[in-house]
Amino acid sequence: MKLIIAIVKPFKLDELREALSGLGIQGLTVSEVKGFGRQKGQTEIYRGAEYTVNFLPKIKIEVAVNDAIVERAVDIIRTTANTGKIGDGKIFVLDLVQVVRIRTGETGETAL
Amino acid sequence: MKLIIAIVKPFKLDELREALSGLGIQGLTVSEVKGFGRQKGQTEIYRGAEYTVNFLPKIKIEVAVNDAIVERAVDIIRTTANTGKIGDGKIFVLDLVQVVRIRTGETGETAL
Amino acid sequence: MKLIIAIVKPFKLDELREALSGLGIQGLTVSEVKGFGRQKGQTEIYRGAEYTVNFLPKIKIEVAVNDAIVERAVDIIRTTANTGKIGDGKIFVLDLVQVVRIRTGETGETAL
Amino acid sequence: MKQMIRKASHLAASAGAATLLLCSQAWAETTETVTEIVTEVTGSDAAAQAVVALDKADTAWVLTSTALVLLMTIPGLALFYAGMVRKKNIIATMMQCFGITAIATVVWGVIGYSLAFTPGNAYIGDLSRLFLNGLSMAEDNLFLGSTTIPESVGMMFQMTFAIITPALIVGAFADRFKFSALLLFITAWLILVYAPIAHWVWAPTGFLAGAGVLDFAGGTVVHINAGIAGLVGCLVVGKRKGYGTDNMSPSNLAYALIGASLLWVGWFGFNAGSALSAGPRAGMAMLATQMATGGAVLAWMFAEWIVRKKPSGLGAASGAVAGLVAITPAAGFVAPMGGLFIGLAAGVICFWASTILKHKLGYDDSLDVWGVHGVGGIVGAILTGVFAVKDIGGVSGMLEGNSGQVLLQAEGVLITLVWGGVVSFILYKVVDALVGLRVTPEEEREGLDISLHGEVIHN
Amino acid sequence: MKQMIRKASHLAASAGAATLLLCSQAWAETTETVTEIVTEVTGSDAAAQAVVALDKADTAWVLTSTALVLLMTIPGLALFYAGMVRKKNIIATMMQCFGITAIATVVWGVIGYSLAFTPGNAYIGDLSRLFLNGLSMAEDNLFLGSTTIPESVGMMFQMTFAIITPALIVGAFADRFKFSALLLFITAWLILVYAPIAHWVWAPTGFLAGAGVLDFAGGTVVHINAGIAGLVGCLVVGKRKGYGTDNMSPSNLAYALIGASLLWVGWFGFNAGSALSAGPRAGMAMLATQMATGGAVLAWMFAEWIVRKKPSGLGAASGAVAGLVAITPAAGFVAPMGGLFIGLAAGVICFWASTILKHKLGYDDSLDVWGVHGVGGIVGAILTGVFAVKDIGGVSGMLEGNSGQVLLQAEGVLITLVWGGVVSFILYKVVDALVGLRVTPEEEREGLDISLHGEVIHN
Amino acid sequence: MKQMIRKASHLAASAGAATLLLCSQAWAETTETVTEIVTEVTGSDAAAQAVVALDKADTAWVLTSTALVLLMTIPGLALFYAGMVRKKNIIATMMQCFGITAIATVVWGVIGYSLAFTPGNAYIGDLSRLFLNGLSMAEDNLFLGSTTIPESVGMMFQMTFAIITPALIVGAFADRFKFSALLLFITAWLILVYAPIAHWVWAPTGFLAGAGVLDFAGGTVVHINAGIAGLVGCLVVGKRKGYGTDNMSPSNLAYALIGASLLWVGWFGFNAGSALSAGPRAGMAMLATQMATGGAVLAWMFAEWIVRKKPSGLGAASGAVAGLVAITPAAGFVAPMGGLFIGLAAGVICFWASTILKHKLGYDDSLDVWGVHGVGGIVGAILTGVFAVKDIGGVSGMLEGNSGQVLLQAEGVLITLVWGGVVSFILYKVVDALVGLRVTPEEEREGLDISLHGEVIHN
C-alpha cells in the first residue's frame, strides 16, 4: 500500500474528491498548509509597510491506496489539479507499512 | 523506527496522549485535519441553502516510535480511539529512515 | 529521494526558509501543528480555573529533496532551528517512492 | 394598473428631467394645500405644531438619533453583511459600507441634501442649499417640515439616511463588485434616485407626500428603494462564481448577530428619531418598532423551525431586520399591537421570499437585499395603510374605514419601484461601460480583500 | 429570620395566587401613604416632583437610555457571554440572548408590563394594560411613578430591563441548555417571577417599595433575581460534560471585552436613565456608577494579580460587571465616593466568590451569574443601606445614622432570593417534565451551534 | 520662536510647581477679563449665555454625549488598536485600554478633575474638588464654564476625555510595554500633563483660553497631547523586536474597522457634545465633523490608491480618524465646507506622515499615534485659525481677516508640545527606573496575552 500526499491549490479540492471517488477511493484526509515555491504571492500593504507573501495557501491531501491503483490515483490527481499555472503543486508517494481501521480493527488493504 | 500517523476523532486526543505516555512515549505532534470518508456530517442551513459537510473535523497524530513498541503503540491507539461508530479513523505506519533531535543533535532511537 | 519532516519552533520559519534556499531548495510546505513533548507550556488562568497547555504551537516543515543533499539539508535544519532550549523539535526523514510536479507532469528529481 | 405605470413613467421622465436640469427656480405651483396635508401627517407632536420655535429637547433627541442611525451603517450593517460573506471578502464588504459612508457624506453635503430637502417643486428640490450655502446658526433657521429643530440637525439626521440606503444595496452583489464601480454608481444613484424620491415623500412639497402617501421613517425611500436597486444590480452583475455548487456558508455569524443587534438598537433612532420630537409620538414609534421586531424574530424563527427543523441564528437576525424594515413606514402611525402584527407578517413573508422564492427564481441576491428590504418594505408600506390609527399619526387606515389609504400606499410603492428600478438599471449599464462592474474571475476566486484592497484577515 | 421566611413564603403564596388568577380588580387597600413614601424615594428630581406634566427633556433622556439598555443585551451581553464559551457554542450563546430579546418583548408587551406597572395591589399589578390596551398618545398619559415622561416611553425603558434580566440567567447553564426549554422557561419566569418582583419594588403600590426598600435601578429586581435563577438553574441542569477535566478556556476574550465594554456604556442608560429625568439626579447616578466601576475593575485586577500572579483581561471585564451590578441599587442614592467604595468592595468579594468559593463548592455556574450578579447584587443592596445620602436620594443610610435601612435592604434581598429561588426551581422542574432542559451528551459534545441551530463559525 | 520656547518652559516650570505643590489657595489675579473672553469662545449657545440656569435639554444631550465618548475608548479604540496588532497581543492591547479606563476614572475623580476644572490660577486648578468634595445636587451647582448643566454631568463628560486621551497613547508602543509600567505612567501623566493642559485651555481662568487659543473639543489637549506622549514613548521604549524584518501585518482588520466606526459615531458626542448645549452650535459642530471625516476618508483613500495602487480598509479607517482628529478643535468654530477642507487636508497629510515620513525617519510608532493624532491635531489646530467663522463660534479666522488667530493657534500647539513632550519624557524615565518599561524579549516573542495576562485567544 502507498500513502499519496498531494499539495494542490485550494479551489481544486472538491473536484479532486469527486475524481478520486470515481476510482473507488472512499476516504481521504485534508489539511490546510502554506506552500513556498516558485509561485509568488500578492503583496499586502499596511500603512506603507509592504509584505510580499511567500507562503501561499495550499491544500494537502493524504490518501492511502492499495498498490493496484496508485498509478491511476496519481494520474487522476495530476490531471485534475492541473491548471498549467505555476503553483499547481506536487504529488508525493510513500510506502505504507501498515494500515488499520480503528473502528473494526481491520488491517491491510481491507482497512482502506 | 516507524512513524505512526493516526487520524482520530478530536475528543479522543487527551485520552490518546495519556495512553501513549503509558507506553513511555514522551512526544507527539498533532494537527487539525478534515476527514472525508464513510461518515457523513451534519447539515448546515443558511437561508435555505443547505450544505452537508463532507469534511469532518479530525485530529491527526504523528508519533515516531522505535520498532520495539510499534505494535503496542498501534494497538493502544486502536483501542483508545475506538468508539465503534463510523468515522473512528485510521492508523497508518511508515518507515522512518532517520530521526534527529534538534536540540541535542542526537539521532536514531535516542532522539525519540 | 527523501521527504524531510521537521517540527520546529514557529519563529524559526523564516530563517529556515532562507537557509534551505541556500541549498538550492526551491520549495517546501508548512503547516501549523501542536507539539507535545518534554517542553511544558505556560499556564492560562480563567476565573480561577488553571489550564497548563501541554500542546505547544510548532511549525511542521515538509520538504522533498534528492538523496544527494539529504544530509546537508538535515544538518542545515538542525543547526538553524537549534536554540539549545528544550522544545527545539525533531527532524524525521522518510523514503519517497515517487514525486510528480502537477503543472508539468515531470516526475522524479526533476519534479522537485 | 396600466394607467399607474403610465403615470409613473410620466413622473419618472419629468422628475428625471427636473433632476438632470437641476432647475433651481422655484416652480409656480406653490402649494399651500400640499403643505397642510403634509404637516398633518409628518412626524412631530401635535403639541409642537402650534408654535414654530427651536426646541432644545427635540434637538437633543434628534442629535442622539443621528448618532444611532450612523451606528446602523458603521459598524452595524458592515458587520451584518461581513459576517455572511466568505472570509476572503470580509474586509471588502466592510470597506464597501465604510467607503459609501464617506462618499455619501460628501455627495449629500454638496448637492444631495439640497435636491431633497428644499421646497423646489413637487418632483425635485432646488439648489438653494448647494454646498450647504445658507445653512446658518440662526435660531429660526429650522429644518424643512419641522417646527422645532435647527436645519443643521435635521440635515445631519437625514444624512445618516442617505448613508445607510446605498450601503444596504451592496449586499445584493456581494463578493464580486468592483470598488471603483461602486463609488461611481453610488454617487450617481444618490443624486438621481435617492434624492428625488426622498423629496417626493418627505418634502412638504413632494408629490407623494402631497398625495397623502404615508412613510414615517423610510419604508419606501430607504428600503424598497435599496431593495429594487439591489435586485436589479445582482441581475445585471450576474451570479457569484460557483453559486449553487461551492460552499458559500457565512464566515462568521457572530459578526452577523452583532450587526443585526446594532441595527436593532440604531433603528430606535431611525424610527423614533423620525418623530423629530421627544414626545409621545417618538415613544409610540419606538414601542411599535420593538413589538414588530420581537414578533418578526419569532415568526421567522418558528417558520424556519417548522420548515427546516432548526431555528438558526442567521434566521433570527434576518427576522429582526425584516421586522425593522416593515415597521419603518408604519412606526409613527400604528399602535403597538398593530406593530406586532406587521412584524409577524413580515417575518413569515420575508422568510419565504429569502429562503424559498429566491431559490425558485434562481437569482443570486447574495445577502437578500430584495428578499428582506424590498419585500419587507412592501409588506410594511401596504400594512401601514391597513393599521394606521388616527389618534396616533393623524391618519386612519383600512381598519378604521379608510380603505383608500391602502391604494395610496400601493401607489407609492409602485412609483418607487419603477423609478428606482429603471434609473438604477441605466446607471449600472453606464458604470459598466465606463469602468466595468465586476472583478475578474481570478480576483473573485482570490477574494476581494487581497485583490482589491491588498489586505487579509490573519486570524 | 424564621419569621422572615414565613412572611416571604406567605407573600410568595399570595403573590403567586394573585399572579396566577391574574385578578384584575383593584384591591381595597388603596395606599395614599405608600405612594407618598415611594414618590419620595423614586428616581426623579425633587424639582420635577412639584408639577405633573410631560417634560420633553426628560423624555429625550429616557428614550436615549432605552437604546442604551437594549445595547447592553444585544450585542453587549451576547458578546460578553459568547466570548467565554467554547467556539462550538458561540452562536448558540448569542442566539439565547437574541431569542430572549424577542420573546421577552412580546411577553412584556402582552402581559408582563401590565402585571408590573399598574397599581393593582401590593403584590401584583392589574390587567388594565393587557395587550397595552389603553396606552395612548395623550399628553397626560404618563408613566406610573413618573411625573414627566409618557407612558409609552416608560414602558419601553422598562421593557429593556425585562429583556436583559432573563438574558443574564443563561450564563449559568451555558453550553448545555435546550433552546426550546429556554424559551418556555423564560416566558413563565417573566410572568411569575420578574413581573411580581418588579411590581413589589418599583410600583408605588408595591409592598417592598412601601416598606422603604431602596433599589434605584434594579439591584434586586434584575441582578439578585437573575443570579438566584441562574444558580438554581445550573444546579438543576447539572455540570457541563467534562467539567473539571476538559479544557474549557474561553474561545475569544476579545468578544468578552467588547461585551463588557458595551455593558459599561449601556449601564449609563440603565442607572442614570433610572432617574427618569435629565437633571442632577441622573448626573449623580452616572458619576457614582463610573466611580464604582473603575474601582471594581482595579479591585478585581489587583486581587487577581496578588492571588494568581497575573492581571487577566477576563478579570478586568468581570470586575467591571461586578462594580456595575453593585452600584445599580445605589446609584441614585449614594455620593460618588460612596460609589467608589461600593465598587472596591464588590470587586474583591465577587472575585473571591467567582474564582475561589465557587471552586470550593463545586457547582458549575459556567459564566458566574451567581458569583457576579447574585453576590454583587447583594453587596450593592446592603451597602446602599450603608452609604445612602439624604441630600442625594432623599434617604439616609447607616453612615447618616439610619441603620434601620440596612435591615430593610436585607429584607428586600431575602424576599427576592426566596421567591425567585423557589418559583424558578418549580419552573425548571415543570419545563424539564415538558420538554427536557438539557441537550443529549452527543449534541453537547458536537456543540450547540451545529446541533441546535445547524450553523458553524467558519473562521 | 526662541522667546516662545523660553515662555513655554517658564510656564512649564510654574505649572509644574503649581501642580506638585498642589497649592489650593485661589490666586490673587482673579481674571474678570479672561473669563469674558472665554465665555465668548466656549461652546454653549449664545441664547443660553443670557441666563444661568440648569437646562434639562442641554443636560440630556451632555449625558448622551458622555456615553458616546466612553464608547469611543471601550470598545472603540480598544478594537481599533487590537485589530492592528498581531494575534498574540490582542487581549493585552484591549486590556491596556480597559485598564486605563479604570485607573483614569479613579485618578480623575480623586484629583484630576479638581486640578483641571476649578478656577485656581492661570496654570492649574485648585483642590476644592479633591475627592469631588463639594460637588452637589443643588440646582445651581453648575459645571465650570457652562451656564446650563449640572457639575456632576460636566464632570462625567470631561472624565470620558480624561479616559480616552491616555488610552490613545498606548498605540505608539504597542506589543512591548509592561502593563504595570503603563498604569504607573498614566497615573502620573494624567496629573502632571493632562490636568494642567486641560486647565490652560478649557478653564475660563486658563492662560491659553485667556489668550484666545481656540480648541473646541480637544485638538491640543487630547490629540496633540497624546500624540507627543506617544512619540516620546516609542522613542524611549525602542522598536518592536523584528521591526522591519518580521511580518507584523494586522491580525484582524475587521476589528480595526469596527473600532474606527465606533470612534466615528462616538465622536459626535465628543465634538457636538462639547457645545455643552443641544442647539444650533451642536448641530453645526456635528455637521462639520461629518463633512471633515467623509473628506478625510476619501483623501487618504485616493492618496493611497494613487501611491500604492490599492485603497485599503486600514487606510480608510485611518483617514476617518485623521479627519476626526483634525476637526476636533475646529468643530464649533468652522462652517461645514470649512470642515470638509480641513478633512481633505488632514487625510492627505496624515497619510504622508504615517506611511512615508515615518518610514523615512525610522521610528517605530507602531499604530501611528503621532502620525495620526499628533500631526492631525496640529493640522486641525492651525486650520481652525484659518477657517473660524464669527457667526458660528464668535471668533473670526484668517479667511475672515483675523490672521493673528493662526499665530495664537500655533502658540497653543507649541506650548502643548513642549510641556507634554518634556514632562512625558521625564515620567517615562522615572517609571523605567522604578519598574522598567519594557517586557523581556522572551515575553515579547511569546506575546503579551499569555506572558502578561495568562490568556490566549483560542479561535
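Here the chain labels run A, B, C, D, E and F in written order, and each chain numbers its own residues starting at 1.
Operating definition for what follows: a residue touches a chain if its C-beta (ideal position, glycine included) is under 8 Å from a C-beta of that chain, and two chains touch if they have at least 3 such contacts.
What you are looking at is a predicted structure, and each value in this text was computed from that prediction instead of being measured.
Under the contact definition stated at the top, the chains bordering both subunit B and subunit F are A, C, D, E. Number of steps on the shortest path from subunit C to subunit D, with steps defined by chain touch: 2.
For the two copies, subunit D and subunit F, the CA superposition rotation is 120 degrees, given to the nearest 5.
Contact count check for A-B and D-E (C-beta pairs in contact): higher for D-E. One finds 54 Å separating the Cα centroids of subunit A and subunit F.
Separating the centre of subunit E from that of subunit F, both taken as means of CA atoms, is a distance of 35 Å.
Separation between the centroids of subunit B and subunit E, computed from CA atoms only, is 48 Å.
For subunit E, residues touching at least two other chains, in rising order: 55-57, 60-61, 64, 249-250, 308, 310, 312, 314, 454-457. Residue numbers of subunit B whose C-beta contacts span two or more other chains: 31, 44-46, 94-95. All chain pairs that count as touching, in label order, are A-B, A-C, A-D, A-F, B-C, B-D, B-E, C-E, C-F, D-E, D-F, E-F. Contact residues of subunit E toward subunit B in the complex are 245-246, 445-446, 450-451, 454-456.
Listing the residues of subunit C that touch subunit E in their complex gives 44-49, 51.
Taken in their complex, subunit F has these residues touching subunit A: 84, 247-250, 308, 310, 312, 314-315, 318, 354-356, 358-359, 368.
Taken in their complex, subunit A has these residues touching subunit D: 11, 14, 42-46, 53. Contact residues on subunit C toward subunit A in their complex (touch as defined above): 3, 17, 26-31, 62, 64, 94-103, 105, 111.
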